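Here chain A shows up in two complexes: once beside chain B, once beside chain C.
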Partner chain A sequence: MKTQYRFTYLALLAVGLMFFGIACDSAGDNEEPLDPMDPPPVETFDRAGMLDNVANNIILPAYAAFQESTDALQAAVAAFAGDPTAATLVPAQDALKATRMAWQEVSMFQFGPAESVALRGVLNTYPTNTTQINDNIVAGSYTLGSIQNIAAGGFPAMDYLLHGEGLTPDEIVAQFTSDADASARVQYLTDNVDFVKSNTDFVVQQWAANGGNYVGTFLSEDNGGTDVGSSLGQLINAVVLHFERFTRDGKIGIPAGVRSAGVPRPKATEAFYAGYSVELAKANLESIGRLFSGVTAAGQDGLGLEDNLDFIEQGALADDIVTTLQESITAIEGLSDPLKAQIDDDVNKVVATFTKMQELVVLLKVDMTSFLGISITYQDTDGD
Partner chain B sequence: MTDSRYRFIEKLVSIAPLVTLRVLFGFIMLVSIIRFALKGWIYELYIAPVYHFTFYGFDWVQPLDGNGMYVVFVLMGLAAACIMLGFKYRIATVSFFLLFTYVELIDKSNYLNHYYFVSILSFLLILVPAHRGFSFDVFLKPALRVDQVPAWTINIFKLQLGIVYFYAGLAKLNTDWLFEAMPLSIWLPAMSHLPLIGQLFAQPETAFVFSWAGAIYDLTIVFFLLYHRTRPLAYVAVICFHLMTALLFQIGMFPYIMILCTLIYFSAGFHERLLESIAQILRRAFSLRTREGVAHNTLPLSLSKSWQYALGMVIVMHFALQLIVPFRSALYPGTLFWTEQGYRFSWRVMLMEKAGYTVFNVNDPASGRSWEIANWDYLTPNQEKMMATQPDMMLQFAHFLEAQYQAEGIKDVAITADAFVALNGRRSRRFIDPTVDLTKEERGFATKEWILPFDDE
Partner chain C sequence: MPPGLSGDMLQVEGPRGTTVSIPLALDAEAGVKSLTLAVDGGGPTSLSVTTGTMQANYTHSFDIPGATTLGTVFNLVFTLTDEEDAITRVTAMVTTTKSIDTPSTYEFSRNGETSVSYSGQIERLDQLEAIKAYIKTADGGAVVSEQVFLDMFANTGGDGAGNFTFTSTKQLKDKTFVPDLDAQLFEDMFARAAAASVDGNAGVEATNGTAGLIVRENSGNTVLVDENGREFTQFIEKGLMGAVLYNQIYNTYLTDVRIGNDVENFELSEGKNYTAMEHHWDEAFGYWDPPLDFTSPWPSERGSEDRFWSHYSNTVDNVNNGLLGTNSLIMTALKEGRTAIVNNDLAAKDTQRDVLYGAFELVAAGTAVHYINDTIGFLGEGKTGEAFHVLSEAWAFTNALRYSPQRTMDLGELETIMETDFGSDGNFWNATVLGLNTAKSKIVAAFPDLAPVQDDL
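Showing the complex of A and B:
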């Protein structure tokens, strides 16, 4: 009898150990003070410090600046909506451009709160669907952010509304004053800016330490690893994905025709109606470069991925990434706005820019992730 | 010879270890299937993808439409539960094996050594009478009960596990693993944020200690488990080793499956006591009385001569394949880790850090236009990631693309691959000959001449 129970306990102990193991899988918060007899700790890369720099000095200020610009945009649009004239139109157009430039600093952080509202998709899906926009205006009822309106809202829709295709300022103003649907159009513009603002406010509020405190989650020790769900894993996956599909492809490759059997699609440029696509692409790539180096928008250098690579003796790779980034920026600078004209004029130059950016995808997605032990996969799986 | 033949094959031994294995296997499979479903992987891996990377020769294996795959998993879960309970055992094991293997054959981008291992174990379980003790089958039909079974029914599992460990150990005997401590030199420092042990992982020496310890563990653990004096300590090592891997790597249920399955090496007495104490708990919980008057059937299981012969052949064939297949990579030129020709089904576990990026370029001679494929239009992130380092999948995908264009009326496109791969801490380099038109290359077991050689410095 006694032995029999002993074996049951043994078995239970084994099962208990297993569950302890499972628990350790994700947790690991049973911290104990280090034994003073232990040898002094080896020097490790300060990954927590890097994440702290990225979160507090790069991401949060970028979101704050973006939020400020959306406030200004909302004010400018309100002024225009209240009194649509050529004089109020220009400040609204300028504010839209400023907001789109500020957006380039945060668009690659599509994880956490931004991912939960699909911020990039709802704010900046282009080419915009002008038919849908006009239908919405006529109908007077629509839900911005819904699936059928994903390409009829956000910045590209405002781009269309505030610039029009080949319209003079007076013609644009007329659309908001004397056209049959003028007041509905004013409403649609206003709804869009409110929509941009509320999504932005939500994400900023979720990141804030005194709000949703995603920054706390991001910097917590539990997420300090390199696995798929870790902060670094999420950050790198988001940035690499963004660069591959939304900077290289979206801003350069797709308009040049690389995804449409070699037939250029100039209408697919970002900011097609306003015509500052190249400027936006450059700003986006520059902000990715600063993130890699750990440099803030103000130019303050802190810990970044570059330092992490340097630390693990991959300085040559870090240099190659910086060089290729610079070469890509130079290639973009060689393109002229509006990008549509550049494509009509000399598409090969655009394709060459795309190819240069492809080199950077290999360095970031293959080499960097491999050396940092980051798994590039946008979904969780078992490995063996 | 006849002596060992008797000892390892014919001798009657207690059924208890087999019963424990059955219960634990069924249990852990049930847990695995529930976990798989809860993570949404049935949808992600088998319903969402528009394209699946089939195994060569198994192109006819396709996922079911609609809710079919959910039905498959529900049935699989039921089968696992039936195996655990020993209810309708033969139907349960055959169903489980077929369902599980079917699912694994749908897409090789999901291939994992431990899925292959589960297929094999469930296949072997079909062949043995693991339900003839401590089971619903016996509860319902007491005449089925036997207390003793021929030794082979237990030894095939010891042999199978032994092969898995030993081959995994052999695979670690390469210069990257032993002398560069790769890929652990990359993976371990990434864990330096862990409390207590994190500091240890930051130390470069730790990767070497782990590499060598891992190789020695894999090569020797079976022998220590076989010998009764070293067994308890060896089992502690099993638990520690697999819990460590569970902590460090994303390898799902594998560590727990191994921890439970290695119990097969324990003595009959251990398993008998284990089962008896569980039986007592169950009896108390359900206020059952010990059944009186059940004759303990100790007769050998009887099979006709031709059945014995057939069974023997199946088992011999199975193990012959198990011993040979992992070595087939030797028939291919080049570096195995680089080409991956003959890599699957060979117990090469957590051996490399490999990442890649592949772009497919399409050229239509008719229009003179060239363009790139957005892989993600057709593939899930996981499929794309797996394909980026595995040439056979690139070839399959190129053929799939060709068929897509033909369906659109573009008759004769050329498809080439721009592929870059980084292996075990080396910088990325070109992987595939970018001038080769993959639509002209055939699938099969022949050497893929268009994989560029891996020139190690």
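Showing the complex of A and C:
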């Protein structure tokens, strides 16, 4: 223990000295005109290069993969809708899972085009409202994406439709064939796929350089700083908010009951009916981890937030984040699917995972942002 | 040596209501016989001079009339006749200048005392605060009474029938936009809120077609909404901000009836330290009720000093460092307009009035877009309770665009936004992101100043 204290003390001292050095440098830069005799200006981090890597090598490929998966989902659901059998059901279920996995790679990019269509909310609000879904099917008239139906559409609704609660494949198929509302249910499923697809296509089109060219806006010099409206500011706000509210809380904490006085809510798991919520959570956290390190889905390492922190001599924080990310992933790996069963079985393990992820919130939201000069603009409370 | 009466042109200036001195050197070798003055081509009047002198200094005092408008020039022609009936003339041009320069804060005085008063407006804003506080109890599940609302609205008995903690001779109802009164818009809302509060009190959860309580996900607090998901607190509070506060600014105090060129702007109102025109302008200011040194950007630690409309101006004033600057825009116009009135600069007063008609609407439009963005944001988080709340705000701020006689968007356009784009059939449960974005683009198109900050708001 004694050694550890000493180490901490030395580390703090080192950080303090380093700050002193930085402060002197920047004061000199600001106040005095450039003189040929002056040492060359302090090298700055290649933020533009980092944003370029994030946009072109991470975000755009992730959206492309997600879009492809929605195409495949549309095809698989069309095959099932045209001939609902156990044989066509499984590919539809698999395609839904593949799409939901691909979604984990883009869901945290809720800014710009995705924000403008409320993508995360309209595609993936859960727990899904089965009463509303069934009412819609019976009514045969509904607007997907309306406030009324925000929890009755998208992936969680398809999760319910294609898996059901405790149904055999034949029983699921029967709902689309012999049930009184079978054809309306087929229609509802198809409408949902089309809805997912049209929203996805819009966002992809808006990002594309040859479309809405949001990538151009994102990489423009105007947005290259660290102020509130900057691309880095938007990216970090979106990702940290997503991690806090949708990865930590939505996927783990809320089902474990941390927002309901410790009373678990197993139905609030992301893939309640299909039962692969843990897998989705793991994928989401891994993609956040890759984004932090600047690593592409294919494993190619480029500039990321980690490099930015390293560059400004915050390697210890960067390491801390990487370690805590890995520990969080390990904690998630220690949970078994279906998450509902895990909660029923041993909810403490789920709560412990939430607690581990909470450490990451502090590191990302407080420490990382302060060193990078980014303001967190989203709030946890209401104005009035 | 002052100029003599040798055909010189004298330039003199002073503010209205003051006396200026015009120094003349009388020079007549044959001796002065008479001196006359003709003002602006009028008949000459004799001035009292010592006759027979060959040289004398003479100072004429000229009173610039108090009702003179800024920049008015008086031509004073002095004619000197000597004993041999030789005539010399000099013209003095008296230009009316400003009495004051624009002050840095909204503070104006006369004879050492403030000339600004808007206590009646403050009393009405206090009444609106009380009404808002009362309807908010229904958000928490309390039963509210239609009669209490009616008494507060009409200020029955001078204390809202005991529902105000203060007394006042003013009321909100008699200042409400007349077509809204004709339609019993607010009375109807009070009755529906009271009825819904009974359901809210019984724990009824709002659903499509049923009024009741909705949980706001962020705070866990509930709000009372009607059968179409519309939050009573927002509709009543922000509704009255439009129907009373903006209506009074737009349709009363900025109109020619109150601040037109014929309104008294010299004689003080009886027993007061202001002219009628000054006071009317101040009353418009009072309905906005900002801190006297309000500006852009406004320090967050002083965020509690603004109120109702000035509060929402500050909400959209400086978003994500994108400066819309409504605080300064409006404050500058109010200060310059009031200064122009003191200076009797009628053209400048009218110019600032036009600025205000645009700027007050910009606040409402910007705030509407702000809440549309919030609604889309909450939908992105799947938070429908929060979405109902902010969509109610968006509706009410869009509604406030109805009240100006110089309204930027026409009533039909506004109706479509409020009753279709914010959810078909006037039902928020039907609201979609597509509709919200449609509404947003319509408002931004009508108010181009919003375009650069539309996504930051």
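The criterion applied here is as follows: the second predicted complex is superposed on the first by the 336 of 384 C-alpha atoms of A that agree within 3 Å, B and C clash if a C-alpha of one lies under 4 Å from a C-alpha of the other, contacts with A are read in each partner's own complex, and residues count from 1 in each chain.
Just so it is clear, a residue touches a chain if its C-beta (ideal position, glycine included) is under 8 Å from a C-beta of that chain, and two chains touch if they have at least 3 such contacts.
For clarity, every value in this text was computed on a predicted model and none was experimentally measured.
Chemist: With both complexes superposed on chain A, which partner does A:Val228 reach: first (chain B), second (chain C), both or neither?
Modeler: both
Chemist: Which partner, chain B or chain C, is in contact with more residues of chain A?
Modeler: After superposition, B is the partner touching more of chain A.
Chemist: Regarding the shared-chain residue A:Leu119, is it in contact with chain B (first), chain C (second), both, or neither?
Modeler: In the superposed model, A:Leu119 contacts chain C only, not chain B.
Chemist: Applying the touch criterion given at the start, work out whether A:Asn210 contacts chain B, chain C, both or neither, answering first, second, both or neither.
Modeler: Neither: A:Asn210 stays clear of chain B and chain C.
Chemist: Taking the superposition on A as described, I'd like to know which of chain B and chain C A:Asp249 touches: first, second, both or neither.
Modeler: first
Chemist: Give one of first, second, both or neither to describe whether A:Gly145 is in contact with chain B, with chain C, with both, or with none.
Modeler: It touches chain C, and chain B stays clear.
Chemist: Quick check on the superposed pair: does A:Arg47 touch chain B, chain C, both, or neither? Answer first, second, both or neither.
Modeler: first
Chemist: Once chain A of both complexes is superposed, is A:Leu317 in touch with chain B (first), chain C (second), both, or neither?
Modeler: The answer is first: A:Leu317 touches chain B but not chain C.
Chemist: Which holds for A:Thr377: it touches chain B only (first), chain C only (second), both, or neither?
Modeler: both
Chemist: Could you look at A:Thr369 and tell me whether it touches chain B, chain C, both or neither (first, second, both, neither)?
Modeler: In the superposition, A:Thr369 contacts chain B only.
Chemist: Which chain A residues are contacted by chain C in one complex and by chain B in the other?
Modeler: After superposing on chain A, chain A residues 227-228, 245, 377, 380-382 contact both chain B and chain C.
Chemist: Which chain C residues qualify as touching chain A in the complex?
Modeler: Against chain A, chain C makes touches at 208, 216, 218-219, 221, 229, 320-322, 376-384, 386-389, 391, 423-424, 428-434, 437, 455-456.
Chemist: Spell out the residues on chain B that touch chain A in their complex, using ranges where they run on.
Modeler: Listed in rising order, the residues of chain B that touch chain A are 39, 41, 44, 110, 112-114, 186-187, 189-196, 199, 202-203, 239, 242-243, 246-247, 249-256, 259, 270, 273-274, 276-278, 280-281, 349-350, 353-357, 359, 362, 364, 367, 369-372, 374, 376, 380-382, 385, 420-422, 425, 427-428.
Chemist: For the complex, which residues does chain A have touching chain B?
Modeler: Of all residues in chain A, those touching chain B are 3-5, 7-8, 10-11, 14, 17-18, 20-22, 24-25, 28-32, 38, 41-45, 47-48, 221, 224-228, 245, 249, 253, 257-263, 312, 317, 358, 361-363, 365-367, 369-384.
Chemist: Can you check the complex and tell me which residues of chain A touch chain C?
Modeler: Residue list for chain A touching chain C: 110, 114-122, 124-126, 143, 145-148, 150-151, 227-229, 245-246, 377, 380-382.
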